[in-house]
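All chains are identified by letter, namely A, B, C, D, E and F, in their written order; residue positions are counted from 1 within each chain.
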Amino acid sequence: MKLLVINPNISDDVTALIESEALRSASPGTQLVVRTAGHGVEYIETRFESLIAAGAVAEIIAEHHGPVDGGPIHGGPIDGVVVAAFGDPGMPALKELTDVPVVGITEAALCAAALQGHRFSIIAISDRIQPWYRDCVERFGLGGRLASIRSINETLNGIGSVQQDFKETLLALSRQAVAEDGADVVILAGAPLAGLARELRGQIPVPVVDGISAGIRMAEAVVGLHSGQHRAGSFAPPPVKARRGLSENLDAALAAAQQAARPAAAPAAAAPAR
Amino acid sequence: MKLLVINPNISDDVTALIESEALRSASPGTQLVVRTAGHGVEYIETRFESLIAAGAVAEIIAEHHGPVDGGPIHGGPIDGVVVAAFGDPGMPALKELTDVPVVGITEAALCAAALQGHRFSIIAISDRIQPWYRDCVERFGLGGRLASIRSINETLNGIGSVQQDFKETLLALSRQAVAEDGADVVILAGAPLAGLARELRGQIPVPVVDGISAGIRMAEAVVGLHSGQHRAGSFAPPPVKARRGLSENLDAALAAAQQAARPAAAPAAAAPAR
Amino acid sequence: MKLLVINPNISDDVTALIESEALRSASPGTQLVVRTAGHGVEYIETRFESLIAAGAVAEIIAEHHGPVDGGPIHGGPIDGVVVAAFGDPGMPALKELTDVPVVGITEAALCAAALQGHRFSIIAISDRIQPWYRDCVERFGLGGRLASIRSINETLNGIGSVQQDFKETLLALSRQAVAEDGADVVILAGAPLAGLARELRGQIPVPVVDGISAGIRMAEAVVGLHSGQHRAGSFAPPPVKARRGLSENLDAALAAAQQAARPAAAPAAAAPAR
Amino acid sequence: MKLLVINPNISDDVTALIESEALRSASPGTQLVVRTAGHGVEYIETRFESLIAAGAVAEIIAEHHGPVDGGPIHGGPIDGVVVAAFGDPGMPALKELTDVPVVGITEAALCAAALQGHRFSIIAISDRIQPWYRDCVERFGLGGRLASIRSINETLNGIGSVQQDFKETLLALSRQAVAEDGADVVILAGAPLAGLARELRGQIPVPVVDGISAGIRMAEAVVGLHSGQHRAGSFAPPPVKARRGLSENLDAALAAAQQAARPAAAPAAAAPAR
Amino acid sequence: MKLLVINPNISDDVTALIESEALRSASPGTQLVVRTAGHGVEYIETRFESLIAAGAVAEIIAEHHGPVDGGPIHGGPIDGVVVAAFGDPGMPALKELTDVPVVGITEAALCAAALQGHRFSIIAISDRIQPWYRDCVERFGLGGRLASIRSINETLNGIGSVQQDFKETLLALSRQAVAEDGADVVILAGAPLAGLARELRGQIPVPVVDGISAGIRMAEAVVGLHSGQHRAGSFAPPPVKARRGLSENLDAALAAAQQAARPAAAPAAAAPAR
Amino acid sequence: MKLLVINPNISDDVTALIESEALRSASPGTQLVVRTAGHGVEYIETRFESLIAAGAVAEIIAEHHGPVDGGPIHGGPIDGVVVAAFGDPGMPALKELTDVPVVGITEAALCAAALQGHRFSIIAISDRIQPWYRDCVERFGLGGRLASIRSINETLNGIGSVQQDFKETLLALSRQAVAEDGADVVILAGAPLAGLARELRGQIPVPVVDGISAGIRMAEAVVGLHSGQHRAGSFAPPPVKARRGLSENLDAALAAAQQAARPAAAPAAAAPAR
């Protein structure tokens, strides 16, 4: 299985953290293609930054869409995509763009947490980031199980070193989430914290979920289910219509997705209309 | 008051419909600047198309951001922005990008409906568009007051003529929403339906809200309140950080917004930290 | 446009505050008729006091209902009604009583806040008032966006001077709502605080909404939309039936509303039954 | 135990139905005082009619408030009040007006249904009445357990004979609620249907709840618990303040309630402030 | 009326507390049969302990099911069942097992609280117990009215003496719930606190609900309504199918319930299929 | 990795279906131990049958708990447990009983569906089963994303052959869920349908999730995350207290879990109290 792992931020040092933890987490047969956003910001803290990042991720997915091979499950050489920023920029819209599963690390972490406890807390790297994370949890539908979001309230030295610079703070926030907020599971959020969960686990008295690990493992699980494509419903490829000004890759990806969704033979029968 | 009205679709005929209804709806002192998306699709039906449109709207807002004049209410010559596609592409993220109010026609129509009745229905131009609209209503928080979304289940001849081609269907859907779904108010959704509410009003037994009219009127109301800018909280300009690959306009707009939020004198005092 | 602005409390000094801010907020062409409740209490803090006030407001609306002129939009010389107490006494029931829009200042303020940010806090004049306000926000459907309600926990000297007596407290509560509760917008609630938002705006780092201003501006917007009347659904005039013991004005208003809803010609066709 | 049972409508024939079923339902030691609204409408179908009725009910409660006897549990000769119209006009505001429990028949029926099944349906006498009932269920907090509201869609001959005129229709609606909507319990709503549940029970395959019976039984249960009075919180008597234009009874009732809440000795200690 | 009152814990001293308060609370004509769980734990604090207790309660209900007598209301000599542990182990599943009402003390207390105020707090005997209680309130549907759960954060000396050992703590927690959390009603939760509400009532400024009292009173009310049995819907007896390894009592109870639900004559007519 | 897969029903033919699909779904390195409930019913359709099944599953988990080996991740030779009945009997309570992840196939299927679309429908084998499934989805927190539950409304010939006997019906229900209910993903629910998704996938125009496959894949993913144990919070082993009448296995499992949670050295430090 080949997974495309996209860092929606422009920081190469965060991409390195993502890649390291993704490699540690992946199952033996999983191959990883790791990419960094071509445009955007150093790290995402706001809804608008997430919007910018979503566009950058779309470009990378489109670029890797590849030739349609007519196979039954996917339309190109990639078997699944992991969007590796907490807050899931562009989700769930990006799931329309390709026939392979596209999984955000937040939704993956939420599932991993929800399967291990009832209420969970999210530990984040900045106060400003909280409202965007909260939106993301509520939109996924699990807002009722969110015990709290706690975050570092200090200026960061650099995004690549945040997990080492603030390890004690992050540990204390995690323990407070358990003791004061009723968290059954703690999620260490954000790609810059990738891998920290492995270090802190013994010191936090509940299961600790790492976003990148969860993203890889959940993507593997979903890809492995071979559940089939969206040929109807709200995640089928967007209908054919006039387009203008899109990048060449994006234009091609949309055309290919629409083509794949409309096989030459018996189109009406294959796409039950509502 | 000068409002920037943005059609997030690339269709010039829809822009014409928007402009006509906006002009009919605007108060005497309101001046309109109407623009069409520079890139995107003919009309938006899906979450992904909305994501593309959001990027295009951001570019136009950034382009009109203009020089920061240091005035107390806004950072440029525009007093407010109306995003004129139902489903509110890019909302609420786009509110971070400028100091003037940015209002989507869906959120405006929801407010106009909610102030006139309890439950409302949305009449839409395609079945595929429903899930995106539903997301939008739920994210605004008024999902509990949504009586139904009803839509045309036929192929459109052209987006500019949909309101004339399907007038009888739209009238019938509206009446069904009242009689069968318990709608107290009907919203005729989508810029392609701009102005139709004026025609159908006498024939539908409840108040009928037009998205464009509501967008203009609500934007006028909010701009007129002079409520002040976001200097803290989740709609303050995004924090200063490394950026790469953004358009010149967008880069300048972000820089200007960040600059406006950090006055030369006594920056710490002016921006209460959490 | 002529708006009837009703103070549901019996305090003339609060009516004066309402009138001043309403005049400052109204658009050039708007004419205001300001009235004080004929019976009730000094200021409303509880659900029961709100119930009493609702009855008093109904009497004033009925009194100004005037002769039915058969015009297409309204049934009398008033174009809209603003109910000028936070908590919206009698809403949404009062919307049934007349063909013109009836807008409460809370619902107006909630819309003004929701269009400018995601989460909002309400700053109130007494602790006892909080549960009633919370009910009101939840019933409107925006409970999920309420960051907090904070209130003065001290005995008031007089209702007319509360905004001056407690200016510093109200400012501190507003700043706490932003810094500690995550408010993107602050609503200064209650007619006794009318106008204070203008003073405090520069000192609070997010948009600040005044209930009276919002009520006037939103009523203007809704009246200007000419959305049409309720001839079916749950806000149509109450069905004709035996009545007893109502005031002369109320009895006449109900009769007139019912009459307006049933035109002489083709009644069945005009009022599609469910 | 003496219960004051109030018909919020002006129809004496409905009062007779209420009294009959209340007598059949009451426990041996329960004495009933049944009263009809002094003003209002024939039967309540709308939010505004409910508002009018709430005022009429307040007057009757005030009239029966009686002398404050200083006893530990109640402030007068009545031990509890049942508000006998579905939709619970004036609730929960009326609970502030007296120290004895005030129970609406809707909230009582909801509790009786919720204790016997998970989801329940409400069978109502007119389509117009549905939105008001739905509001009432949602405000009580059990909207998530409402399977459906079904209603007679025909003109009523007279409110006193509706249960006999439409017995077959009501039976059919009840069965549909079970078979098609998933109701575990059926509530026959509205005082005009008082007593019908006894007749139909064998013919509907789930428990059937009568509003009046539930109101009497639940009021008996709550009165019997002697839970104590509201001396703090949002149901304590409204704070002392200027009043004007209230009826003599209402004015006296408010004064008495406030007096009872403030005992001569050690007032501060007895009423912990927030 | 004969009520079977079941202590789902194995503690005889708690059973004694339950019995004492149940006797004080019951109406004159009510006869009580009090039983202690045959297996399980000393007191229930967790979801798993509640699951174990549910099985023990099922056995006792089955044991008292008795011969089917063909009577119209119940299938045995017991008229109703009260499950006397807060958290309602086995609810609502246990309602399927017998034709008589089965009422949990939590759901009873929630109804008693909801009829006396809007928001309520629960005072509990251990921190660990909170999440299970919260689940229970949310599943009943009244999570939106829960002001708080507060609990003793100390090691208990013995479950039978907890109400005396921690009386001052429990009083302080109750007062904090009113003053800080906005509780209109306080529920003293858990059978080990049975009877304490009588002692503390005068010292807490809002109504105080005891679970056992509420359970007895609400069960009396529901039994007295004679609402009828579940012959369809999700609380009808489980369908006939192969069973293995159940206790003799449980097997007999299921067989009897299924038998009662399928009368010899005209089975199809009596059980309307969906 | 070794997974214990438990059929909570007593039907050996369903166990065979479960085992077949589990083997097809498992990753190369996964070893399966498949067990059938020792007591209970043929298949579970009701809340009470689920309660019985929960007890049977607890016994099997306890039986396989094995010797505590003091290792960091699990307390015995099993690495994870899959509870293989839709509706997740005993969840989430059973997660307290052992240190290894315990995953229900419903929660697994919900996660698999939620990661592939927004709204999902459940296709079930009997009408009676719907309310229990709905409870399960709501308790997991994803009720807002449930498009519909559709089910076979016919008598089953035998539980082992239901997927073959009703293949056309199940296919039609699935297509209706997409076309009429707005499902983005279809879940074929219930162990008796294990494996059917593989057959129907090409014929349903959205991804189709099989409960057993999802259970296996999600359990593998969660086990592979090594998130750590519950040593605090609501899923830590139940506190030590008197027990009576439990099976030998269950008693031993509880003792072992409690022992594992309290290491010999520094117990207080390892278990941060709240």
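To be clear about the criterion, a contact is a pair of C-beta atoms (placed from the backbone, for glycine too) under 8 Å apart; a residue touches a chain by one contact, two chains touch by 3 or more.
No experiment lies behind these values; they were computed from the predicted model shown.
J.: Give me the set of chains touching subunit B intersected with the set touching subunit F.
T.: A chain counts here if it touches both subunit B and subunit F, which gives A, D.
J.: What is the set of chains touching both subunit C and subunit E?
T.: Expected: A, D.
J.: From subunit C, which chain is the farthest off, judged by mean CA positions?
T.: Following the centroid criterion, the farthest chain would be F.
J.: If contact pairs are compared by residue number, which of A-F, B-F or C-E agrees with D-E in over half of them?
T.: It is A-F that reproduces the contact pattern of D-E.
J.: Which chain lies the greatest distance away from subunit B when centres are computed from Cα atoms alone?
T.: E
J.: Answer with same or different: of all residue numbers used at the interface between subunit C and subunit D, are over half used by both copies?
T.: same
J.: Using Cα averages as centroids, what's the distance between subunit B and subunit E in whole Å?
T.: Centre separation, subunit B to subunit E: 51 Å.
J.: Determine the centre-to-centre distance between subunit D and subunit F, using the mean Cα coordinates as centres, and give it in whole Å.
T.: Spacing between the chain centres: roughly 44 Å.
J.: For subunit E versus subunit F, what separation do you get between their C-alpha means, in angstrom?
T.: Those two chain centres are 28 Å apart.
J.: For subunit B and subunit C, what's the span in angstrom between their mean Cα positions?
T.: 25
J.: Residues of subunit E that contact two or more other chains, please.
T.: Residues 92, 118-119, 130-131, 135, 144, 182, 184, 233-234, 273-274 of subunit E each touch two or more of the other chains.
J.: What's the complete list of touching chain pairs for this entry?
T.: Those chain pairs satisfying the definition are A-B, A-C, A-E, A-F, B-C, B-D, B-F, C-D, C-E, D-E, D-F, E-F.
J.: Enumerate the contact residues on subunit C facing subunit E in the complex.
T.: Contact set of subunit C toward subunit E: 130-131, 135, 138.
J.: Where on subunit F does subunit E make contact in their complex?
T.: It is residues 10-11, 38-43, 45-52, 54-56, 58, 90, 92-94, 96-97, 127-128, 130-132, 135, 139, 153, 233-234, 238-239, 241-246, 250, 273-274 of subunit F that touch subunit E.
J.: Can you list the subunit F residues touching subunit B in their complex?
T.: It is residues 118-119, 144, 182, 184 of subunit F that touch subunit B.
J.: Which subunit A residues qualify as touching subunit F in the complex?
T.: For this pair, the touching residues of subunit A are 25, 27-29, 72, 92, 95, 101, 103, 107-108, 111-112, 114-119, 140-142, 144-145, 175, 178-180, 182-185, 197, 201-202, 204-210, 213-214, 217-218, 220-222, 224-236, 270-274.
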